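Shared between the two complexes below is subunit A, which has subunit B as its partner in the first and subunit C in the second.
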Partner chain A sequence: MKRPDGRNPEDLRDTIRIEAGVLDRADGSAYLEWGTTIRLVKTEKDDKDISSLEEEYLAVKTIREEGNYKYVEVPKPLWKEIEGYEVIDEYLKGNKVYVAVYGPREPIPRHEASPYKAILRYRYTMSPFSVPERKSPKPGRREIEISMVSRMALESILFLEEFPMTTIDVFAEVISADAGTRVAALTAAGVALADAGIPMKDIPVALAVGKIGNTEEDATIVVDLNKFEEDMPFAVDMPLVIVPRREEITLLQMDGRLKKGDVEEMLELAIKKGKELNKIQREALIRKYERVDSHE
Partner chain B sequence: MNEFVWEFTTDKVRRLIMKGIRLDKRGMMDYRNVYIEKGVIYNADGSAFVNLGGTKVIAGVKFELGEPFPDKPDEGTLMVDAEILPLSSPSVEPGPPDEEAIELARIVDRSIRESRAVDFKGLCIREGELVYRLFVDIRVLDYNGNMIDASSLAAAAALLNTRVPRVEDDTIQPHEYEKVLELREVPLYTTFVKVGKAIAVDPNLAEEKAADARISIATVDDESITAMQKGGSGAFTAREIETLVEESIKKGKELRKKVRG
Partner chain C sequence: MRKLVVPGDVITEEKVKLGPNVYVEGGKVIAKVVGLAEVENGVAKVIPLEGRYIPKEGDPVIGIIVDVKIPGYDVDLNSAYYGFLPNEELKEEGTYGDVVVATIKRVDAVRNALLEKATILRGGDLITINPKKIPRVIGKKRSMLNLLQNLTGVTIMVGANGRIWLYGKNIDVAKEAIFMIEQEAHTTGLTDKVTKFIEEELGHEKA
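Moving on to the complex of A and B:
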């Protein structure tokens, strides 16, 4: 089975960018883009090569037809197939997330403070325009649950006991969504927390592994599912938060149908790819703080 | 910044601005840098990111289908929603939009609606039954003052970038477009603050906190005024308002070039 965007099973999506310290008011912040870079190709309607590419890969998709022409989206891993075609646009199709960290600061309301440790708050929200059908601005059940499991995933990684009687706030806003938004937010949160100078055992990294196919029998284990893959007839999605150095897992959710052996294989894959993603997080922090050094 | 630092800064800003000096060295009628990027959100029908001197705002436009209002059976509808996200400032608490966010949404809504920027009759599919519902959602990500101008810039830029989705069997076909949304006007606000007797355009956060009063004036191409909002507890004289209307027409022209470009 081929992945819809032409990736290998062990490939993360082709475009992952993180920038640290993007919001000036926050004590720490990060902006993350995680998806596939699309080239929009203009071609004749009956072009055989493009049509066979469309049949083979779900993510190669005609989005508009105009007279004798069609406009086809081609994801980055398949660009070698469209050499010589007219490219009229290039853009990211994927997740875009801003994360801000405030604190340690005085808690509101004050009676919620603990004399033993900082109270961590995590708020994950999605902008109404981030998804195909406009999302109501009110926080839904999904956002509330994700906020809770995300908070708990971070609590044991942070040295909260160093800051009794305070609150640490992590706010994540998903402005563009394409599967894996909770892990995108948490990966950005790892960078934002480090940027805020909150002491941590390690920079937490988050990603999803899964198993996808047309039937259970032909399904393969893959990392970092996109929207096409999440919507396949057989799809298992397992978002995780990993503490890379200790190889521990602090968030795990799963739905679908797996064999015992699959779990082991998927966790191994997740830890391996998590370390790769962790490098991108570290590079983002280095880029920001290198700049500070050069002024001295 | 904590409250003590704010009080200190506010005091300094007040004293200087009354002598005609702004902490960031701008002249009283100098606007900050504006950066605009259109088409940043894949799932939106139109979108724009605006950075106005450190105030960062994103606006997204989406269409839905629905019934028209009974009093306007042949017109599409408009809904503007704004949220000042807790990411944007230490003083914003998570929760439903407060009065400030609701005011922001309503004044941006009025400038678009009352300037007749959108041809609502063109958004009718079947009279009395089915129309396009146009949603403009504004999210303030980073708050360094003057979110009214930043939001109106973002909303206008997003609308200029908007395509109307194609409808088949009474459902919207995702990523298939009927036409570019025709925008007959590009209404933009220009905001001023008054500190003592001094007046300055495009206040940053410290200036906003130091201000006694605020006024925002929306203008369009033919130099008409399409919406105004006075804020803060201080007052303006009639003479001052006349001058600011003139100034906002001038500033509006410059800003419209940037938002169209």
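Moving on to the complex of A and C:
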């Protein structure tokens, strides 16, 4: 089975960028882009090569027709197929998340404070414009639950006992959504928390693994599902938070049917890919200081 | 040798004493925060580059009076924790908004600080920088601070909590220089850069 954007089953999305320290008001912050880079190609309407590509891959789409020509979006893994074509535009499609960390700071309301440890608060929100249909700005059941599980996933990684009677606030705002926003937010939150100077065991990394196919029988295990894949007839999605150095898991959610042995295989793949993602996080933090060096 | 580390980086696998901002796991010494790691005299530690101020005994701090009570004053320390300044530690009578320089006498179990030897600072300018960069503003044996004061002629008081009070004529130049130190705190050769910057700036003003 081919993935809708032409990736291999064990590939993360082709463009993952993180920048640390992007917000002035916050004690720590991060901006993350996680998606696929699209090339917009102009070609004749009856171009057979492109038409067959469109049939084979869901992510290859005609977005506009004009006279004898059509404009087709081609994701990065398939760029080798469009060599020689006229490229009109190049842009990113995928998740975009800002994360801001405040604290340790004075707890408000005061009665929530604990004399034993800092209280971690995590707020995951999706902007009304982040999805195709307007999303109500009111936090819904889904967002409240994601906020809670994300908070619990981070609590065991941070040394909260070093800051009694305080709170640490994490705000994750999804600007653009394309499946896997909770893991994108958590990956960015790991960088933002480190950027805020909050002591932690390791930078937590989050990603999803899953099993997709047109039927249960022909389904294959893949990493980092995008929206096309999540909507396939058979799709199981398992978001994870991983502590890369110790290979521990602090968040695991899953619904759907899996075969015996699938989970082991998925976890192994997730940990391998998590370590790759962790490198991007580390580079983002180190780059923040190199940025200053290069001003000289 | 100092090395830039991020949380989870292994500093050393040798048997060393644990300094601040490190933890040990399976015989490895690992960094807790983003900072500069060093192993010196058998002690492994990380000098943090980010983070808010946490009160520590003996620290000189610059605070703002936020509440006046019968036994003393509540002082904002640019931190999650407040300081308390008893009446007898302040010679004159203070009020809301007064800027005081004081020393931390004691820190209790939930990190609130008891202050002593306080003086009210009048006039001048108060600026706030990242408290973790304060050691660079002071320098080894106050070398950077003396340099700033001698070159600009500004009286500078530095609190460990990230607040800096300036008083004198060339305040703007001194401020710019301090912000420059904050930005480039993790780089080397800062003293020369600061000297050059101040001399250039003052030269422009004369011309």
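Side notes on the structure shown:
Going forward, the second predicted complex is superposed on the first by the 290 of 296 C-alpha atoms of A that agree within 3 Å, B and C clash if a C-alpha of one lies under 4 Å from a C-alpha of the other, contacts with A are read in each partner's own complex, and residues count from 1 in each chain.
Here, contacts are C-beta pairs under 8 Å (C-beta built on N, C-alpha and C of every residue); 3 or more make two chains touch, one makes a residue touch a chain.
Model, not experiment: these values are computed from the prediction.
Model built by superposing both complexes on subunit A: subunit B and subunit C fit together without a clash.
Of the two partner chains placed by the overlay, subunit B and subunit C both lie in contact with A:R105. In the superposition on chain A, A:L23 makes contact with subunit B only, while subunit C stays out of contact range. Of the two partner chains placed by superposition, only subunit C is touched by A:R282; subunit B is not. In the superposition on chain A, A:F159 makes contact with subunit C only, while subunit B stays out of contact range. Touch criterion met: A:R245 reaches subunit C, while subunit B stays clear of it.
In the superposed model, A:P233 lies in contact with neither subunit B nor subunit C. Of the two partner chains placed by superposition, A:G140 touches none, neither subunit B nor subunit C. Rounded to the nearest 10, the angle at the Cα centre of subunit A between the centres of subunit B and subunit C is 70 degrees. Of all Cα pairs spanning subunit B and subunit C in the superposition, the closest are 5 Å apart.
105 are the residues of subunit A that lie in the contact sets of both subunit B and subunit C, per the superposition on chain A. Interface residues of subunit B, counted against subunit A in their complex, comprise 39-44, 47, 54, 56, 58, 60-62, 64, 81, 83, 85-90, 93-94, 96-97, 135, 137, 139, 141-144, 174-177. Residues 27-28, 103-106, 115, 159, 163-166, 194-203, 244-246, 282, 285-286, 289, 292-293, 295-296 of subunit A are the ones that touch subunit C when the two sit in their complex. For subunit A in complex with subunit B, the touching residues are 22-26, 29, 63-64, 91-94, 96, 98-100, 102, 105, 108, 121, 123, 125, 127-134, 137-138, 169, 171, 173, 175-178.
Interface of subunit C with subunit A (complex): residues 4, 6-8, 21, 23, 25, 30, 32-34, 48-52, 54, 80-81, 109-112, 132, 183-184, 186-187.
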